[in-house]
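Shared between the two complexes below is chain A, which pairs with chain B and chain C, respectively.
Entry: the complex of A and B
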């Protein structure tokens, strides 16, 4: 860990711009999440863990890569907590140390080869958004 | 009616159909789209972290260029619209971000979110009017059952996007009625297709997109329409081929008698 966990938790919450203390634990974010079944840490737990400063678990959670950034949790939270923003901030901290980017430019030709074998047309939008998601 | 127009990266490459049919239809409807003379990719994803400034700048430049041209900024791709609208909202409401962006760009006149960002569908609904669209239709898709796929980015978060009712939208169904077709309302029309993870996690993209295509097929849809190149790609590629997927502008241009719908559906009339 680069810094102590408490500082890191504060940094993550600040960067996300969310107010985790507003959460009333209703679980609606997790109930509406399209990736719920594939996640190890669910959106409502993300909020609680960030509030309690337990960021080590968040940083290695596979949920970081399962979040589809669809904003369903943001839209449907009755308290305006914005769990997706929190998950994005954790992704940022998981990727930003040197060498931890999850996607590097040299993989693009391989992706394109695999995906375009049937003549599919991978849109630029997909490549751009993947780099936004997987590298910082 | 004149708009500054931001096509975005994909509309110049893999989604040329979307750009071309939209331009043709706009002209026929009396709307002039003036492409911004210089623009850069919006980044395709809204930077949710408050502290990321650099990734917002290309959007701020486009928004500022439209302001300097004195016109609203028209978008078409759902992702571009989402990013432009939210960055504009940041520039209106977040003083820290606004100051940093202006300090970085050093424009002659600082930008504070003055530009009105309008999606093509909003232009059809609010500026042209669906009644007028219907009057200009020469080849109606009479009896064809079309399902509208809204996806995520046009609707959410509704507090910023203000596009339509986020849980029960109607603009695309009204569009479908205007071109003489029968709108099919189906569950998952405003749920995610999983396009964002289609490179890294194809299984997840497949699961999410099939939920959408299956629901549309079960409700009798003969075609799905979208405004998003990534949704189109993902629904086509990972959606199991249950329903043909088109840009809504392809149907619009065809209904206006401007361009045949490729791989098109037979009209009932």
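Entry: the complex of A and C
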């Protein structure tokens, strides 16, 4: 792993406000996740990959666009790790141009277009959640 | 003028690496009163103590200052050393240059200066020390055990077998605790009642043991060796001396809709009841909330039916005051409330049960006569899912941060018992880790997996939902990286355990400390595991931390040994550093009486000389046997009349002056 990738991973984790070290690998997040079957990397592995600094893996995972931001994992995690917030942070990093840290309504069409070009579907909740979190 | 010896310890490199011990010894030489000073590698070693003893003789010292570790470590050691050399043991001061200096500083120069200052303060204090003599108090040779589970029973039996009187106070109508509710016990699978009831009978029959069931501790005063305790004996509404235990009253009682506490609410009981067949004492109690006579004035059936004339609706609570030398807390635990874990549907589905409820279902004397059945339709379950760590190891609000320690083992037990009874059942156990340290424990768990075919899956259950009369269990299989969906008939939750809720109030009564989870804290986690930091208060069983029966019984015996050690003494040497009233200064304002946490202060009418005038006045007087030397009164007294021996106001000021010099 390159050094800048490690710092990047740390930045993303910090931005998400989660503490990945608290994860005890119980799998309750993955047990509760309604999108599990559509995902390649499952919520608990997302946490482990972030802990290991594997940003590249996270960025290219299908799961990034499959997480519904339903927050079931956030609600159920016994250690308060909040895996969905981590996924959102990675997703946000994937979407936002450098330096942008708020999601504004006028950029949505551009996102959608970009994503369609990549062949990704965007769940509704994802957008709602991105607004909720980043457009204040 | 004192002749003071100063002994600076290196504590190997603990102190010497950060503090220039020689410089300290040299610097204090010029302090007033100092006749001798030296330094040595280990002052507490026999060699170090010999240096002190020789110096006391050779330099005719009147007091010593040891600059070393915390007084909690070795003050007692050095007091003994001084005493063997003929000094009063209270002519010893400790300058703590380890915990309060070398361990917390890095800069050698600054640490050395600080060590010199601390040593100087101790010398200043010693200059004002005077010899003190400790008083003695007799020991009341009787112990109180609070809680009558296996912990309390075992502690009481061990103390009683050593020849001392013991009282057990149990808040429910019977002794036995949780162990009485269990079916079989790991790791040997012997029947819980078969090994517990003989002990309950022994405790009841022992000539040295008195049981107070349906009773609670209400007030505690006094101190180690001499506690005075008020016990509230709640009214049973049945005269225990007359009752023959025939049970006719229970049979005829028309109020039969109360949930049986013993069966975890899985069956009903009458308003007048005995919790279970082997309960001790075998005397019913009337639950006044459920009793028709108490609620409406009508009924009275039990009194009419009772041929022994034992039912007594007029019976009142009784407060008894007893004296004890030692008190043992053995208040045990309860399982946590699972109402807030909505994902498991515990509150919604009758087929989702706790492990303790499962124990009752397995038990031949339980609500289903030992048939494991779905409570929704009374059918034998074909697929059963056990979930471990429910609410344990959790940092979220409704959970507990600790491991409950017993659930991995009892879940393996439950899985095996189920397979034994119904070999066709499909049994899953979801675990985060399987924790089975203990003699024969891991073998026990492996037997469940290997011989009984219990399917252990690493992962948590995320969701349970009722669907078409069954339970849809959605869970992780982390090793296969799969999400499993199991159609189950029953889900058993290994709920976290927590201390009995009454323990907190009890801790306040006993001035015993608790941790953030309300488990009683021990005086030292490794070296004094069965003593509370409060002298004379001991800990037994789960009230100190989660443990299984083998651990509980070992700890119960250990607590008993400590109690016996205390009760075997005829007298306890007190602490001479007690408060005293300078009567001419006291104006009898009562401020000190109000702050004293030990009730040590009373007032007397006395003749005092005030500036040559003879006066009759109300002045404070300290009961030295009760005073614990906390010093609260000395800082409260507005006229400066109260002073603490060994820590007088003058001495404290001298220390401050020496530090600020």
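Quick note on the criterion: the second predicted complex is superposed on the first by the 93 of 136 C-alpha atoms of A that agree within 3 Å, B and C clash if a C-alpha of one lies under 4 Å from a C-alpha of the other, contacts with A are read in each partner's own complex, and residues count from 1 in each chain.
Here, a residue touches a chain if its C-beta (ideal position, glycine included) is under 8 Å from a C-beta of that chain, and two chains touch if they have at least 3 such contacts.
This is a predicted model, so every value here is computed, not measured.
Participant: Could you tell me if A:38 is touching chain B, chain C, both of them or neither one (first, second, both, neither)?
Facilitator: Only chain B is touched by A:38; chain C is not.
Participant: Regarding the shared-chain residue A:85, is it in contact with chain B (first), chain C (second), both, or neither?
Facilitator: Touch partner of A:85: chain B, not chain C.
Participant: Please work out whether A:16 is in contact with chain B alone, chain C alone, both, or neither, and reply first, second, both or neither.
Facilitator: In the superposed model, A:16 contacts chain B only, not chain C.
Participant: A:95 contacts which: chain B (first), chain C (second), both, neither?
Facilitator: neither
Participant: Let me test your reading of the model: by the given contact rule, A:66 touches which partner, first (chain B), second (chain C), both or neither?
Facilitator: It touches chain B, and chain C stays clear.
Participant: Determine, for the superposed model, which of the two partners chain B and chain C contacts more residues of chain A.
Facilitator: The partner that reaches more residues of chain A in the superposed model: B.
Participant: Taking the two structures together, which residues of chain A meet both chain B and chain C?
Facilitator: 72
Participant: Touching residues of chain C toward chain A in the complex: what are they?
Facilitator: So the residues of chain C in touch with chain A come to 343, 389, 393-396, 399, 432, 458-463, 474-478, 481, 483.
Participant: Spell out the part of chain A that touches chain C in their complex, as residue ranges.
Facilitator: 22, 24-33, 36-37, 42, 44-45, 72, 76-80
Participant: Mind listing the chain B positions that touch chain A in their complex?
Facilitator: Counting only chain B, the residues touching chain A are 8-10, 13-15, 41, 43-45, 47-52, 55, 77, 79, 152-153, 155-158, 166, 191-192, 194-201, 204, 208, 211, 229-230, 232-233, 236-237.
Participant: Can you list the chain A residues touching chain B in their complex?
Facilitator: The touching residues are 14-17, 34-35, 38, 65-66, 68-72, 74-75, 84-85, 88-89, 92, 102-103, 111, 115, 120-130, 132-134.
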